[in-house]
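Encoded as C-alpha cells, the structure appears first; notes follow it.
Which chain is which? They are A, B, C and D, in the order written, and residues in each are numbered from 1.
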Amino acid sequence: MIITLLLLPVAVALVCLLLNRYTKLVETASVLGAGLLLLLGSVLVLHVFEEGIIDEGMWYLDQLGAFMLLIIVLIGFLAILYSVPYMRHEHESGEVSSNMLGLYYTFLFLFIFTMVLVVVSNNLGIVWIAVEGTTLVSAFLVGFYNKGTSLEAAWKYLIICSIGISLALLGTIFVYASSIDVLGENSDLHWTSLMAVAGQLDPAFLKIGFVLVLIGYGTKVGLAPMHTWLPDAHSQAPSPVSALLSGVLLNCAMYAVLRYHILMTHSSIGGAFSSGLLLLFGLLSLGIAAAFIITQKDYKRLLAYSSIEHMGIIAIGFGFGGFWGIFGALLHMFNHSMTKALLFFGAGNVLQKYKTKSIDGVRGLSRTMPVTSILLLMGALAITGSPPFSVFTSEIMVLTGGIDQGNILPALLYAGMIVIIFAAFMGHVVRMIFGDPPEGMEKGEVNKAGLIPMIALVVIILVMGIFIPDGLSDALRDIVALFGGQV
Amino acid sequence: MDSNNLFYILLALALFGAPLAAALNNRPKISAAVAFGASAMASLVGLIIGADVLLNGPMRLDFPFSSPFGTFAFAVDGLSALFIIIISLVTFAVSIYSLGYVRHYYGKYPVGLMGSLFNIFYVSMIMVVSSSNAILFLIMWETMSLSSYFLVIFESREKGTVASGLFYLIMTHIGTAAITIGFILMYSESGSFEFSSFHGAALGMSDLLRSSVFALWLVGFGTKAGIIPFHTWLPMAHPAAPSNISSLMSAVMVKTAIYMLIRCYFGFLGVQDAWWGVIVLAVACVSALLGVMYALIESDIKRMLAFSTVENIGIILMALGVAMIFQSYGLKELAALALIAALMHVLSHALFKSLLFMGAGSVLYAAHTRNMEKLGGLAKRMPYTSLMFFIGVLSIAAIPPLTGFVSEWLIFQSMLQSFNIPDAIVKILIPVALGTLAITGALAAAAFLKAYGITFLARPRSEEAERAEEVPRTMLVGMGILSALCILAGVLSFMILPVMDDVTSPLVGVSIGEHLISGFLIVPTVGEFSQMSPLLIGVLLTSVFVGVLAITHLYGGRRKVVRADTWDCGTPLTSRTEYSGRGFSNPINRMFSWVYHPLRVFRSTSHISPYVKSDMRYTSTIEPVFERYFYEPMEVGVRWLARKVSVIQTGSIQTYLGYIFVVLILLLVVLR
Amino acid sequence: MLNSLSLDAINTLAAIILLTDFMLVASSRMRSLTRIFAIQSLALGALAAVVAFETGAEHIYIVAVLSIVLKAVIIPRFINYATTKIQVKREVEPLVKIPGSLLICAAITLLAYFVTEPLMQQGTAITSNCLAISFASVLIGMFLMVSRRKAITEVIGLLVVENGVFLAAISTTYSMPMIVELGVFFDVLVGVIIMGLFAFRINRTFDSIDASILRGLKD
Amino acid sequence: MLLAMIQTLFLLALAPLFTGLIRKFKAFFQGRQGPSVLQPYRDLTKLFHKDSVISKDASWLFTATPYICMTAVITAALMIPFFTTSSINFIGDIIVVVYLFGMMRFFMALAGLDAGSAFGGMGSSREMTISAMVEPTILLSIFTMALISGTTRLGEISFNLATTGLDLVPPALFLALAAFFISTLAENARVPVDNPATHLELTMIHEAMILEHSGKQLALMEWSSMTKLLLYLVIMANTFLPWGIATEVTPMALVIGILAVILKITLFSLAIAIIESSMAKMRLFRLPNLLTVSFSLSLLAVMSFYIL
C-alpha cells in the first residue's frame, strides 16, 4: 500500500521526464498523477484515522504521519492544479522553454516523493536521507529561472540546509548511540523500537542528540536564527513551488523534529527539556519574523517571513504543551499550509500581472483583478489570525495552552507579537489592494483557471474556522496522546 | 411560532439577502432593494424575537456539531433580548433610510457589495449579543469588526478612507486580543469556554488574577466602545464610513461592548471590589468630558457626532461605574437603579445618535459637504430633514420630556443616592462625577446647538448649501421612525423602565420594578426622595404652550408681522457676516486652551499701507494630543526596533553560516 | 581483550584527522585543500577498516572502502576538475587571516573536548575517545565555511563536516545500519555533484563563484 | 394644584415688579431718581401692542422661541413653591426645573443664531459658554440641599427645612447658598457677568440674543427672563432659607408665607442692586475665575456636609 504511494510520484516523474517534448501530455499526466496521489493518500489517511496505525516494519504510518501525509497530498494536488495555468503562462511569456517545463513537473513530483518518504518511513536514518533529498531536489526548483538572484537563492539554500542537515545526521547518530546499550548491536534506527525502550535510552547522548537534531532540522523548518535561507528561496522559486516549500516542506522538517521531541518526552529526561528549547526558538522566530514583516518591501518575502512566524507559532505550541498547546499546534500546521498556499497562489497571480515583487509597485488590485484581490484579502486576514478563518482557532488554542500551562509571560509575548504582525501585514496588503493602479494597467485576471484552487482553499479555511470534522479532531486527540498530553 | 424558528428565519433572511445582493451587484437598483429589504425584514424578525424572549423567557439554539471548545449555541436571555431589540430597531430604520441614501453611489461604488456586507454586519451584531460560548463570541465579534471595517472603507477612493479604516481594524484587533486573554484566564479557572460556566468562576480566582481580567476587559471592550484614550479610531472611522453605516456603528455597534461589559462585570466577575467601579467611573468622566469638548470645537459634522459618541459612552459608563460601586457595597436596589439608568441611556443614545447620523447623511446627500462652515440655511431648503435633526438635537441636549432627558435624570438620581455609601472617600468622589456630568450635559447642549444652528439656520455659506433640496422620501421615513421613537421613548419611559428592570434583576439580584413606577410617575428610590413623570411634563408643556399662544394672540389684539432684513449695521448681509461655527466655540476653546493646545495663526498682507489690509487669514487648529503623545511614539518605537533587528539579514552566506555556528556552540556549552 | 596495537592505530589515525583539519585551515591554495581533504578521507577510511577488523563487523569494511573510494578519490578529482573548468583563482582568500584562524581552531578543539568529555565517560565503544576529534572536525569544517570566501571552499568545508560526522558515527556506534550508511553516502555524492552543477551555473551568470559577491538578496 | 396655579400667577404678576425694584434700588445707590418700579409693566404693555419685524433669514424656530421660553418658565414656576410648600412638584423635582431653564436658554440661543447676524451668534456663543460653567455649580448646590433635606422635591425640601429649627442646619447650607447666588447672577445676565442695562453690542450677552425680536415676541422674551430671575430668587428663598413659608394651608400661615417670601426676595434684590452698583462687569475671559470660585464653594458645601 505505502509502497505504491511511494512509487506513484516517481513513476509520474519518469513519465514527465520522458514526455517532456509534449507539454500537453506532461500536464495531463501530472494532473492525473496528482489526483491519483490525492486519492490514494486520502484512502491511506482515512484508513489510519479509522482503523489505526499501519506498521510494515520499514514503512510506518501513525496518525501523526497520516496527518502530515494529508497535508502533503492535498497541497501537492492543488499546487499541480495551479501550476498548469501558471507555468503555461510563464511558458507563453517566454520565461521557460518547453523541455524545462517537463523538467519542472519531474522535479515537482520527485519533491513530493521525498516529502512522502519523510512521513512514511519508520527508520530515522531514512527520514534523514529523505529530508536531505528534499533539499537536493527542491534546490533545482528554487533555481528554476536561471536568473542571478534565483541561482543565488538556490546556492544559499543548498549550502545552509546541507550544513544544517549534517548536524541533524550527527544528532541522529547520537540518538542511535544512546540506544546501543539497550538494543545492542542489532539496534536498527526504527522509531518504533526506540519508542519501545524510550525510558532506558542514555540521557547524555539523547540530550546532545536532540540539540543537534533541533538545530539541524530546525534550519530546514526555518526557525530563527537558522531561517536565513528561507526568504530568499521562497521568494525566488516559482509561486506554486513556494506554496509547496512553505506549506508542506517546513511541516515535514517540523515533523522530523517532533519525532525526536516525542522520544524525549518519553525518555528519562522528560519533555521539559525539549519543550523549553522549542519554546525558545519559537519565540525567537516570532520576534524576528515580526521585525522583518514590519520593514518588508517585497511581498513574496513578506509571505516567506510570515511562514517563519507561523513555524514559530507551531514550535511555541509544542513548547507550551498540554492538550491545547499540542492540539493547537497540530491544527495550526494544517491551517497554515492551506492559508499560505492560498496566499502564494494569489501572489503568483499578482506577480504575473504586475511583473514586480515590490509592494510599492503594486497598487489598486481591487480594480485591476477584483477576484484575486478579494481572495488575497481573505487570505491575509486569515493568516494574521482573524476569525472566522481557521488560523484564528489554532492560534487561540496555542494561547490557551500557554496560559493554561502557566507560561503567562511567553503567552503574553506571543499574543503581543501576533497583534503587531497583524498590524504590519495588513498594512502592506491593504496598500497593495487599494489605491490607484499604475497607468496602462488594464482590468482583468491573468490566470483564471488558477482561481479554482484558491477558491477551494478559501472554502477549506472558512469551514475549518467554525467546524472541525470529528474524524480529524479524534485523530488529533490520538496524536496529543502520543505526545503524552492528557486529552 | 417559537423564537428558535424565528432565529432561523432571521439568519436565513440576512444570509440569503447578502449573497443575492452581491450577485446583483451590477444592477444597483434591484440589489439595493433586495439587500435592504432583506435587512429590514430580518430586523423586524429580530424585534419579534426580542419581544418574545422578554415575554416568554429565554431561548437557546444549539449548533448541530460540537467543537473542541465545547458546545456552540446561540442563547438569548433578557439582556441579549433588550440589545437585540435596540439593534433591530435602529437597523430597521437605517435599512429604510439606506434605500434612498445609496442612490448617490449608483455607478460610483458597488452598492450590492455594501448591501450584502450590511446584512452580514447586522447578523453578526445579533450573534454577538446572543453567543453563549467565549470562542463563538470572539468569532462573531471579529466578524462584526471585519464587516464594519469593509463598510468603513467602502468609499475607498476618497482620500484617507483606507488609512482610517486600517487604523480602526488594528485598534479593534488589539482590543480583541485583550478580551481573548481575559476569556482564557477565565477558562483556566472554570475549565470551559461556555459563558454559563464563567458565572461565579471568579470567586475562586486570586485578587490579582481577577483584577487583571477586569482590566483586560475594560481595555478590550473599552477600545470598541471608544473610551479615552482608546477612542481615536471613532473620529477617524465614523466620518470615513457611509452615513448609514456610521449611524449603525456609532449607535449600535459600540453598544455591543457595553453589553459585554455589563455581562462580564455583573454576570461573570461579580463585582466585589469597590475600586473597580471607581476606575470605571474615572475613565467614564474623562471620556465624557474630553469627548464633548472635542465635539464642541469640531466643524466636521460627522467627526463631531463621533466625538459625541465618545461622550455618551462616557455617560453610560458613569452610570455603570456607579452601579458597580453600589453593587460592591451590597446596595442592590441602588445598583439596579444605576444599571437601569445606564441601559436607558444606551437606548436613548442608540435612537438619537442614529437619527443624527442619518440627518448628517441627508445633509451630505443634499449639500455634498460635511463641513459646517460651508452649510447653513438648510432649515428652509430641507424642512423635514431639519425638523427631524432638530428632534434628535433636542433629545441629545436632554430637553424635557425627550428620551435623553429621562436617562440623564435617572443617572443624576442614582448619583444623588451616593450618600448611602459607607466609604467616605468614595462618597466624596461621586459628587465630583456629578459635577462632571452636569458640565458635560451643558457642553453637549452647546455643541449640538452649534451643530444645528450653524448647519440649518440663517443663511447658506456656500453654493452647494444654496442649491440643496429635500432628500428622497425613503430617507425621510427612516429618520421619521427614529424621531418619533425619540419622543415616545421619553414620554412613555414609564412603560419601558419595567422591562429594563426585568433585564437587570437577574444580574443585580434584586428587582425594583414594583416601586420604580407608580402610575405615570417614575420613583427612582423608595420613599419621598424624588419623582418625575415625563408624560405629565409633556402634557403640561403642551397645554401651557397652547395657553401662552392663545393669550398672546388675544392680548394686545392681532398685530401684523413684517418680514425684513436682519439689522446689519449698514454693511451688506453676506454669509461672511454670519457667526461661524469656529467663532461660536471660540470662547470655550480659549478658556480650556490647556486641554486643546490650540494653534492660532493670523496672517494679513497689506501692500498700500499697514492700515489697509488686502487679505486676512485666520487659522485655528488644535493639537491631536492622543495621536501625538500616545500612538505615534509607540509606532515609531516599534519601527525603529524592527529596523535595528532587520540588519541581521546581511545577504552574505558566511554570516548566515556564522549564526548557525554560534547557536550550535552556545547551546552545546550551555546545555553540556 | 583489546589489541593495544589497533588502539594505537586508531588513535594515530584520529590524530592525523585532527592534524589535517588544521592543515586545511592553514593552507592557502585550492589545490592543497583538495589534496589534504583526500588524505583526511583516506585516514578516515583506514580508521574504519581498523575498527572493522577489531569488531569483526563486515559491513564496516564496505563503509571503509566506500569512504575511501568516494571521498578520497572521486570527490577530490571532481572538485579539481570543477576548479580548473571554471578558472578559480588559486588563492583561498580567507575572511579571517590564517594565524587567527589557527588560534580559533585551537580554541574550537578545546571546546569540542569540553563538550564531549562527559559523553566519552559514557561511551562504551573502543573508539569512544575519538569523539572529541570528530566534534572538532565538525566545528572546524563549519568554521572553514564561515571564514572562507570561495564557494568551492564552502563545499570542502561541508565535506569536512561530513567526515567529522562519519568519524562520530564510527567512534560512538561502529557506524550505522547498512541501509542508512549507503543512503548517506549516496546523498553526499549527489549533494556534491549538485553543488558542482550550481557552481557552474553561478559561474556562468556571475563569471565568478566568489560566494561573497552573492549578496543580491537581503533586507 | 389650585394653589400651585395661583402661586404661578402671582409669580408672573410680580416678576416685572421686582425687576423694577432692582432698577429703583440701583438708581438710589447711583443717586438718581430713576424710573418708577412699575416701568417694566408699561414696557411690556407697550410691546404687546406693537407690530413685530422678523428677519427674512429666520426660520419658524425664531418665531416659536418666545412662546417656548414662556412655556418653560411657567412650567418651572408650577413646580416651585412660592408662599406655600405645596406645588405640583410631584411631576418633577428641582433637577427638572433646572432642565426647564436649560430648555429656555437653549431655544433663546438658537433664536439668536437664527437671524444670522453676528451679534446674535456672539450672544448665544457666550451664553452657552457661561451656562456650561454654571451648570455644575447649580447641580452641586442642589445636591447639598438634597443631602440636607433628604429629597430633591422642592416642596419637601422647604417643608423639611422649615419644620427643623435653625440649630440643626449645617454650614454646608450657607456655602451652597453662596454658590447658588453667584450662579443666579450668571444665569440671569446680571453684573458682573453681564450688564442688563448696556446696549453696546460687543459687550452684551443676553440682550444680543434677543436683539432681533420685536413686538409681542420681545415682550414674551423680556417677561420670561424677568420671571426666570424671580424664580431663581424664589428658589433661593424657599429652598435655602424657607423659614416662614406656609407649611399647611391656613389663612394665617398663607399671609405669613406671602409676607416672608416677599421680604426675602426684596432683600435679595437689594443685594443684587448693591453688587451691580458697586462693581463693574467682568471681561468674558476673566469669568472662569469667578465661576470656578462658585464651583469650589459648592463642592466644599458637599464635602463639609460629609466631613462635619
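Methods note: a residue touches a chain if its C-beta (ideal position, glycine included) is under 8 Å from a C-beta of that chain, and two chains touch if they have at least 3 such contacts.
Remember, it's a predicted structure, so these values are computed and weren't measured experimentally.
Set side by side, B-D and A-B show the greater C-beta contact count at B-D. One inter-chain figure worth recording: chain B and chain D are separated by 35 Å, centre to centre, where each centre is the mean of the chain's CA atoms. Averaging Cα coordinates per chain places chain C and chain D 101 Å apart.
Between chain A and chain B, the centres computed from C-alpha atoms are 44 Å apart.
Chain A and chain C, compared by their mean Cα positions, are separated by 31 Å. Counting partner chains per residue, chain D shows two or more touched chains at no residue at all. Residue positions 155-156, 159, 163, 167, 208, 231, 292, 295 of chain A each touch two or more of the other chains.
In chain B, the residues that touch at least two other chains are 646, 649, 653, 657, 660, 664, 668. Interfaces, counted as pairs of touching chains, are A-B, A-C, B-C, B-D.
Interface residues of chain B facing chain D in the complex, by the touch rule stated above, are 376-377, 379-380, 386, 390, 397-400, 405, 409, 412-413, 416, 419, 424, 427-428, 431-432, 434-436, 438-439, 441-443, 445-446, 449, 452-454, 456-459, 521, 528-533, 536-537, 540-541, 544-545, 547-549, 552, 555-557, 559-568, 573, 577-579, 583-588, 590-591. Touching chain B in their complex are the following residues of chain D: 45, 48-61, 63, 67-68, 70-72, 74-75, 78, 90-93, 95-96, 99-100, 102-103, 106, 109-110, 113-118, 120-122, 124-126, 128-129, 131-136, 138-140, 143, 146-147, 150-153, 156, 211-212, 215-216, 220, 284-285, 288, 295, 298-299, 302-303, 306-307. Residues 646, 649-654, 657-658, 660-661, 664-665, 668-669, 672 of chain B are the ones that touch chain C when the two sit in their complex.
Contacts from chain B toward chain A in the complex involve residues 65-68, 72, 135, 138-143, 146, 153, 156, 162, 165-166, 169-170, 173-174, 177, 180-181, 184-185, 187-188, 638-639, 641-643, 645-646, 648-649, 653, 655-657, 659-660, 663-664, 667-668, 671. Those residues of chain C lying in contact with chain B across their complex are 95, 111, 114-115, 118, 139, 142-143, 145-147, 149, 154, 211-212, 214-219.
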